[in-house]
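Heads up, the next two complexes both have chain A, just with different partners, chain B and then chain C.
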Partner chain A sequence: MKTYDLRIHEPEPGNGARRVEVLGCLDSHTVVGFEKSLSELLESSQAGYLLVDLSQLNYISSAGISALMGLTHRLRKRGGEVVLLRPTEKVYRVFRTLGFTNIFTICDNEAEARKALSS
Partner chain B sequence: MTPQSHPPSALWSSSLDIELRCPVEPQVLALLRCFTKTLATQAGFNDEAIDQIEMAVDEACANVVRHAYKHLGVSPDLCNGDRVTPPGLDDLELPDGPRPECVIKMRVTLGEDRLRFQIIDHGIGANHTPPGVGSIDEFLERGATGGLGIYIIRNFMDEVSFEYPEGKGTVLTMTKYLRHSESA
Partner chain C sequence: MGYLLLLAVATAITLGVLLFRTHRALWMAQYQIRLRDHERATVFRFLNEIGSRITRRLDLDQTLEMVVEFCCGATRAEAGAIFLRDKEDPEVLQARVVQGLFPPLHEVASGKILSKRKFLSDFVKKERIRVGEGIIGLVARNGESILIPDAAADSRVPQSANELVPLEDLILAPLSVRGKVLGVLVLINKKDEARPEAPFDEQDLSLVTALADQASVTLDIVRLYEELSEKQRLEQELHLAHEFQAALLPTRMPEIPEIEIFGTSEPALEVGGDYFDFIEVDEHRLGIVVGDVSGKGIPGALVMATLRATLRAEAPGKTSPREVLRKVNSQIVRDTKESVFVSATYGILDRRTGIFRFARAGHEPLLCCRAENSELSSYEPNGIVLGMVEGELFDLLEEGEVDLRSVGTVVLYTDGVPEAMNTAREEYGVARFQSLLRRNAGQPSQQIVHTVLDDIARFTQGNPPHDDITLVVLRWIGEAAYEAEVESVRAG
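And then the complex of A and B:
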């Protein structure tokens, strides 16, 4: 049973932002692979801007939220930013209930996300 | 947006008790979430409450997988599902008596107006239960490194209690009440 996948896209022209798609679920089982892949990406590319596409993420646990927080801290420290793109209704509801909509940068579409990354 | 309601299934016309016993394997978490979500949906909770129940149960079970049997060398590597045997396991001071069975037990009771979960392990117990954070601000102040799971359990369920029978293992009891407005 495949419950998780991560797709990493090529850097975009301009600010070199990377778009990554998280598919399936991000729980305490799958988050280890997510953190490892993102850590390798950040070390190898020095990417400062990340668009994390959550439109196909159907579940997130506290471990997943912690991983996104860790990623956000790490990029903000190097002057970058993480934008969470199109979270599913279910994932957004969890962010909203816990108060993370004020902490993460969340956008509904790519144009808005790119604007957030360039501001 | 008003959360979508689900009519309770006829299955719930009387109280129901279910008990599951699962191996302490990370892959079990996804299965238990499916089971929990199905139960909560059929009980008539709305989407928001279903998400909260699913998440609270998942956090409780993940804690068992990660922490409960660590002292016995049973701590699955959450990355690939392999069991990790800490170096020097033979030197570990194991509790007296027979080695406990390393399982997650889930007991579910559905009453007329509530869904109650008990997540039971025979592991390390009280001294090693993670304390959790009291607020999201505290979580952030601690560097967002842990404690959010317990916070979620306490805030997403209506009643939560931890018991440590005979000092061995943990029984986490969580109840969510079905408000009449939730069912169709």
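And then the complex of A and C:
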């Protein structure tokens, strides 16, 4: 059984950006919980900027990528942005092959991510 | 002087004729394009309707009625019917759905029945037609469409049919899957208000054949679905999607003397969604596509059907794979939900030059290997999956080009190959795949495919595949074939 966890951090001072960490595996089973939690977070907080830490995500399926795409659409519509932080080499390779590196904002470290969010 | 004048007049006439011919040819070309656009748009509308119909309810009679109704509307036919093979005796066909005033299309011994209009439909439905018997049986046997623009002048149409319903023109198209004819679609009497006298023509035949082709796979699924109990239905839905998917795959490999082509797709139990196809672009070029739909089950299979229909409509005559994929993307963006996307590589192979031009819409890299030095190159031009974005972002799609004569072997595959997993949850991996290709670069295409599948089977140790595995291998044998021919001439 693949594991999955989502850690949601408190709003950051300043721009109110939220940081979440996705752990384990994001596939067609675990994506349901991921989408539900993120949807609740966005409805309750009105946060425009989201930093998604993928450094502990081992596997992402097409369903997981669709969920990240949906999230990106939703935040861009309200003038915000999603930054994907430190994806593992394997997850990054999946993004690159599918061409999602053209769509997602992906950063190697937090400083770069904060810069991307503030720009 | 008189001679010069004559020459000038002759030149003017020749130029005039040439201009007229060119203009007419251009007009004809534009007309053909408009017709093709119309046919394509109709097929898409049909796919959407049949898709939403079977998503709501899988019912054979309702689906058949929808098919006949749609085809009658699209071709302005007055009446139509679908004849299906009998479950118990597949050598016999029976009308399952009849719409409008539809006469029997075989010799009727007694004219009595035909004198009562209200019994006509029941009569047609009760008749049992043997495969090979009459015009319907002929289509069922040969699996080829028939156009009859003038029924009175065609000996294949029984004249008894005319007694009640005047039969003027008709189209018959086979409903076939994997080369097996399931039934026959018949449309009669075109009544186009704009052109009341015009009978069915080649364009109608082409449209009906395309619609019948799309309807067949859906009918196959619905028919299989109906045969299952409720419990089995839940268990079998994915299996049915596989059946549907399998029906969309080519049954024959293209035969080109200079190039050896072999492709296969092994379905997985769980996910699925792989697809490959060969499309004739023109007399020298062959379109080759390998794709992977992200959605699973029947919705995924329907997206695949859309992809197949769009590509088959867009590819002929176009030499830029990028342009073809741009058109296909627009259609898929319009037709699919936000969450479904398709990765695909589409390439055009020129058999004269061995050049393979391709564009990669978010698909696995293209691999090339040379037999002489086991050198392997991976090509990954930029490109985003189909169905997600349009405009500037999708237009980042780049084209790549390889020369089969110098690279030798080209391999297209889906992620099911490197991601095949063993019982210890380890992946087969790109490295092992590439190393195997290097060692087998000189082998025939089919041999390479089987060597890879065998190696994956060895690695996974019987662990059932969680994703489809698709491989298409192209190998240039032009020179070898030529040399063998020279050798045989010398020897003989």
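In the analysis below, the second predicted complex is superposed on the first by the 117 of 119 C-alpha atoms of A that agree within 3 Å, B and C clash if a C-alpha of one lies under 4 Å from a C-alpha of the other, contacts with A are read in each partner's own complex, and residues count from 1 in each chain.
Here is the rule we use: contacts are C-beta pairs under 8 Å (C-beta built on N, C-alpha and C of every residue); 3 or more make two chains touch, one makes a residue touch a chain.
Please read these numbers as outputs of a predicted model, since none were measured by experiment.
Student: Looking at the overlay, does A:44 come into contact with chain B only (first), chain C only (second), both, or neither?
Tutor: neither
Student: Touch check for A:3: first (chain B), second (chain C), both, or neither?
Tutor: Only chain B; A:3 stays clear of chain C.
Student: Tell me the contact category for A:25 with respect to chain B and chain C: first, second, both or neither.
Tutor: first
Student: Determine, for the superposed model, which of the two partners chain B and chain C contacts more residues of chain A.
Tutor: B
Student: Identify the partner contact of A:33: answer first if only chain B is touched, second if only chain C is, both if each is, neither if none is.
Tutor: first
Student: If you stack the two complexes on chain A, which partner ends up touching A:98: first (chain B), second (chain C), both, or neither?
Tutor: both
Student: Counting only touches as set out at the top, which of chain B and chain C does A:69 meet: first, second, both, neither?
Tutor: A:69 sits against chain B and chain C alike.
Student: Could you tell me which stretches of chain A are touched by chain B in one complex and by chain C in the other?
Tutor: The answer is residues 28, 62-63, 65-66, 69-70, 73, 97-100, 103 of chain A.
Student: Taking the complex as given, what residues does chain A use to touch chain B?
Tutor: Result: residues 1, 3, 25, 27-29, 31-33, 36, 59, 61-63, 65-66, 69-70, 73, 90, 93-94, 97-100, 103 of chain A touch chain B.
Student: Under the touch definition given earlier, write down the residues of chain C that touch chain A in their complex.
Tutor: These residues of chain C touch chain A: 294, 296, 338-341, 343, 361-365, 380, 382-385, 388-389, 393, 396, 415.
Student: Which residues of chain B touch chain A in their complex?
Tutor: Against chain A, chain B makes touches at 26-27, 29-30, 33, 47-48, 51-52, 54-55, 58-59, 62, 65-66, 77-79, 81, 136, 140, 143-146, 148-149, 151-152, 155-156.
Student: Residues of chain A touching chain C in their complex?
Tutor: Touch list, chain A to chain C: 28, 62-63, 65-67, 69-70, 73, 97-100, 102-103.
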